[in-house]
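Down below is the structure, laid out as structure tokens.
In this document, chain identifiers A, B, C and D correspond to the written order of the chains, with residue numbering beginning at 1 in each.
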Amino acid sequence: MDSGLICVSLFTSEGVGIWIASILTLAIYSFLYRDNPIYRFSESLLIGISVGFLLVTTFDTTLLPKAFEPVGKGIIGISESGGINSFAIFVWILIPVVLGFLMFTRFVPRYAWMSRVALALYIGFGAGASIPANMQSYILRQIDATIRPFLNIDSFWSLVNALIVLVGLISTLFYFFFSKEQKGAFGKITRLGTFYLMIFFGATFGYTVMARISLLIGRLTFLMKDWLGLIS
Amino acid sequence: MRRSFPILVCFGFGTIMLAQFFIPSKLSTGAYNEITNWVQIIYAFALIVGVVGLIRYHLSRVSRRQGGWFFNLVTVSSLFMMAFLGFVWGRGDHSPFMWVFNNMMAPMQATVFSLLAFFVASAAYRGFVARNIEAFLLLFSAVMIMFGIASIGNSIPPFSDIANWILMNPSMTARRGIFIGVGLGTIAVSLRVILGVERTYLGKE
Amino acid sequence: MKCFFLITSFLTFLFPQAFAFELNVSDQPNDDGTRLAIRWDPLPPDELRPIDPESYLLLRSEESDGEYIQVDIVSSLDPSREKIDEKLTEGQPYFYKLVYSDSAISWESNVAGPVAPEENWYNTARTNVLIGIIITAAFVGWFIILGKKGKSLYLRPIAGLNAMDEAIGRATEMGKPILYSSGRGKMERPASIASMNILGSVAEKVASYGTPLIFPNNDPVVTAVAQEVAREGYTKAGHVDRYDPDNIYFVTDSQFGYAAAVDGIMIRERPATNLFFGTFEAESLILAETGNSIGAIQIAGTDSSIQMAFFIVACDFVLIGEELFAASGYLSGDPQVVGTLKGSDYLKVIIIILILFGAVVGLLNQEWFVNLFLTA
Amino acid sequence: MSIWEKAKTIDRRIIFLFMFLGVALPLLIRIGLPVSVTNDVKKVYDYIEGLEPGSIVLVSYDHDTGTLPEMLPMSDAILRHLFRNNIKVIGMALRAEGTGIGRQNIRRSGAEFGKIEGEDFVFLGFRPEITAAILGLGTSFERVFPKDDEGIPIRELPMMKDINNYGDIEMVISITDDDTPVYWVNYANARFKVKVVAGLTAVMATTFFPFIDSGQMVGMVAGLKGAAEYEKLIEKRGRAGRGMDAQSIAHLVMIGFIIIGNIAFIMRKRGK
């Protein structure tokens, strides 16, 4: 065994940090036993800190450089040159900021509908961008990946594998048919599709376990090594 | 106006985003950059609205002394503390803001994440029971992968080979099937949104 | 790429002196007119064969005998033998040359150019995506029109959706709330839109029963939309008075802060039913396992293939993949939405035919067909 | 209620407890589960074992801090082996974040074996632009790194006196979480015939099998498991062994619970 329990000193900035992090870590783990005020405290703390963190970073990285500073510059531009050009630029800069401020109409029920203009822009943007992206990576690329192996069949087993993959894809796609009842011969194919899906779900679950356990190893190593000094 | 104008905006920006994918010209890339900028700005304002709502929610519970109001107070005060640290001393590497991030926020998040190590175990115990063929396949492929990839089975050739084969063939192809389905579903929803057929998100009045 | 490299090096091995060294410049296609592609013959040129330097300088000028500035360092081993020069001015002609010099020798290639970058208005490399979208839009659009005419269509049952009424009813009987979550998805994701549609139907049902609906959010824009959608659902059911905006609120955008918060809400409010619809990430199982521990009926649906696996293991019912997007058609019965499901079925038939055909053609070594699906 | 009925409604905290013990105990107490050494790792070990004392090996830290938990046990084990065999080490980094990691790692391991910086090992620091750096080292170390990480001209470092280019070193070890070794193989190995070894994350391993088959790479050490194998070869169990033990035991605990759950299910079915 190693040297035994030697906690990190409480009298350095680093030490205080390790102590606080360790206590909060234990507080979260206490949830595994049951809900309790200590967990609830750390949960509330985490929510508050994370929102504060988000607020500051959003202000620093988006609102200030992309909204307020350009507007400020626009105003200076108008007051200095006063031309129609600088005014047009200013209006252009103002559009997203105004749209953003429309979000605040949500607090006034009568004008709340105005915030929908901003939401509509936001959602239209997402919908328009997602169509080609999905066509490209979720459909064309998947077809390509399924049929490309047939170009390089060099052994009996590579053919068998390519066929297993082909049958799997087709039966899974049949499973997703909505306008046809899953019975008879068609039902058998869709059932085969569910078999493939189950293998995928099992494999994904099994494969992810390793990464999740690594997280726990990481936290326990922190507690036992950095804090308690149990591991050399 | 209240309803048709937002739908028009949605149609307009949806079409621009769709078209710019195929148009490499300067105007198109410029529009793309400008719109993503706008979206970020709108998001930032929505966030402020969300945070204001959040603070109102917690403060009203505190002022009404509702059950557990102390914890609402913890949330609001830690939020203000973090904002204060960030706005006064900045976000530099050695700032108090980053100290709180490194010693409080990051370890707590990592710990919540690591709860999954426990939850995968309890979910597996309950869910991996061979009630029928489907459940058996789910169980079988999970155990083969766990044993053959991450545990001592990795050193025993047939197990690691079987595990890799499952990952690369049947599992991969089912995932492709899901991808294609999700892709089609996504495109259909997006088309309905752009065409104004799907308008639930706008509510009514 | 590796294969290409092998072939070219093999060729230079066979015919080392066959060609005089040449540098080429051409417009980079499918761009906004700011890029040029510079390509060169295998290095080294004959004159430098004895020393075979590993790097050369690539120079650019706006006039053939003007001042040249360094653009890049070219490695003699770079198998692509190509550099893309960026951030140029559209319409401005440019000249390029490759040079090497040391104390003993100084060498210059031919001057390539002048070539001016051209702006393009259509990306030819994406034609297959465009055709795919046109076909998809045609089918979806056609069935939306059919749906408008009120043609009713058969839909196969989906277990998770059939269970929805029962799950809502159970919460009502037990006098407990229903918890809804759309996960980590931002509002611009179509999965979030699908989730909002489901939320609308759920809100409508819940309103008539008077069961509280709690929906903690991870994204402020989702909060804004969800409040609208829920209010609309309550209004449709004729109980707008029962709508409580305080039950749909933004919690935090931190992934695990959100997971911790929803876990806490579950343990304290004890919902009888948990509904998880939208884009989920690693928090999926944290929510579903806690939900299971309080004995809630759980129905989930997500577009994230990995999280489906966790929901399958931990929830009572799961909408797999595309079923999430189909849900709004099932729940609302809107013939236009139902129509698009039919359209999507036809598209699947087309994809299956393409795959079968592609497999046969692939076996016959017809690479051109497979390459039709290459994306750039 | 039979025991099998009880198994159905088992308090999940019992499962949590076993998972906790399954991870915590192997971290605290060395179990030393059998680790079978794969060929790719053995090749690396054998090659280093065959080097003369005083030979020079270049270790490049080509990864970020995010993957540190997976990479650190590996670099520790390899450096221990090098220093134990009195091989001199040149450290460098092709990734900015690798600079701090490499500097710390090499100094700590060096100190462990009483090695002196400048004589037994050096740390040259970070260079961007992978291709140019790797090619440049082929002509002259001094041209790529005129000064070391501390700003000392490398001509003044006793160890670097006779080192001009790859010709004067025995091998390159790239410790990385991406495909940087492809560059080392394509430029340093193909052109200057220097031996290349990769230390990789587990997920990257499959990418590099072809390079080992073709002999372009001496071998590789992949993931926590590869590091554990290396620890076994140098007969010094460290954190990789512990981590692997914890992984294996935790997985076995899970599989055990799944088996119990299924036995209980079968017994309940029989009972009915």
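In the analysis below, a residue touches a chain if its C-beta (ideal position, glycine included) is under 8 Å from a C-beta of that chain, and two chains touch if they have at least 3 such contacts.
None of these values were measured; they are calculated from a predicted model.
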Between chain C and chain D, the fewest steps along chains that touch one another: 1
Leader among chain pairs (count of C-beta contacts): A-B
Of all other chains, the one whose Cα centre sits farthest from chain A: D
Averaged-CA centre spacing for the pair chain D and chain A, given as whole angstrom: 29
Separation of mean Cα positions, chain B and chain A [Å, integer]: 3
Chain centre separation (chain B, chain D; CA means) in Å: 32
Separation of mean Cα positions, chain C and chain B [Å, integer]: 14
Contacts with two or more other chains, residues of chain A listed in rising order: 28, 31-32, 40, 42-43, 46-47, 50-51, 53-54, 103, 106, 116, 119, 122-123, 125-127, 129-132, 135, 137, 139, 143, 146, 166, 169, 173, 175-176, 197-198, 200-202, 204-205, 208-210, 213, 216, 218
Two or more partner chains touched - positions in chain B: 18, 21-22, 39, 42-43, 46-47, 49, 51, 54, 68, 105, 108-110, 112-113, 115-118, 120, 122, 124, 126, 128, 138-139, 142-143, 146, 150, 175, 177-182, 184, 186-187, 189-191, 193, 201-203
Shared interface positions of chain C, touching two or more other chains: 126, 129, 133, 136, 187-188, 190, 193, 221, 224-225, 228, 251, 253-254, 256-257, 260, 268, 305, 308, 310, 312-313, 320-322, 326, 341, 344, 348, 351
Residue numbers on chain B that touch chain A, as the complex places them: 2, 5-7, 9-18, 21-22, 35-49, 51-52, 54, 68, 71-72, 74-83, 85-87, 91, 97, 99-105, 107-118, 120, 124, 128, 133-135, 137-146, 149-150, 166-167, 169-184, 186-187, 189-191, 193-194, 201-203, 205
Contact set on chain A toward chain B in their complex: 13, 16-18, 20-22, 24-25, 28-29, 31-32, 40-60, 62-63, 66-67, 95-97, 99-101, 103-104, 106-107, 113, 116-135, 137-139, 142-143, 145-146, 161, 164-166, 168-169, 171-173, 175-176, 193-210, 212-213, 215-216, 218-219, 222
Chain D - residues contacting chain C, complex: 12, 131-132, 135-136, 138-139, 186-187, 190-191
Touch list for chain C against partner chain A, complex: 126, 128-129, 132-133, 136, 153-156, 186-190, 193, 221, 224-225, 227-228, 251-254, 256-257, 260-261, 263-264, 267-268, 305-306, 308-310, 312-313, 320-323, 326, 341-342, 344-345, 348, 351-352, 354-356, 358-363, 365, 367, 369-370, 373-375
Residue numbers on chain A that touch chain D, as the complex places them: 1, 32-33, 209-210, 213-214, 216-218, 220-221, 224, 230-231
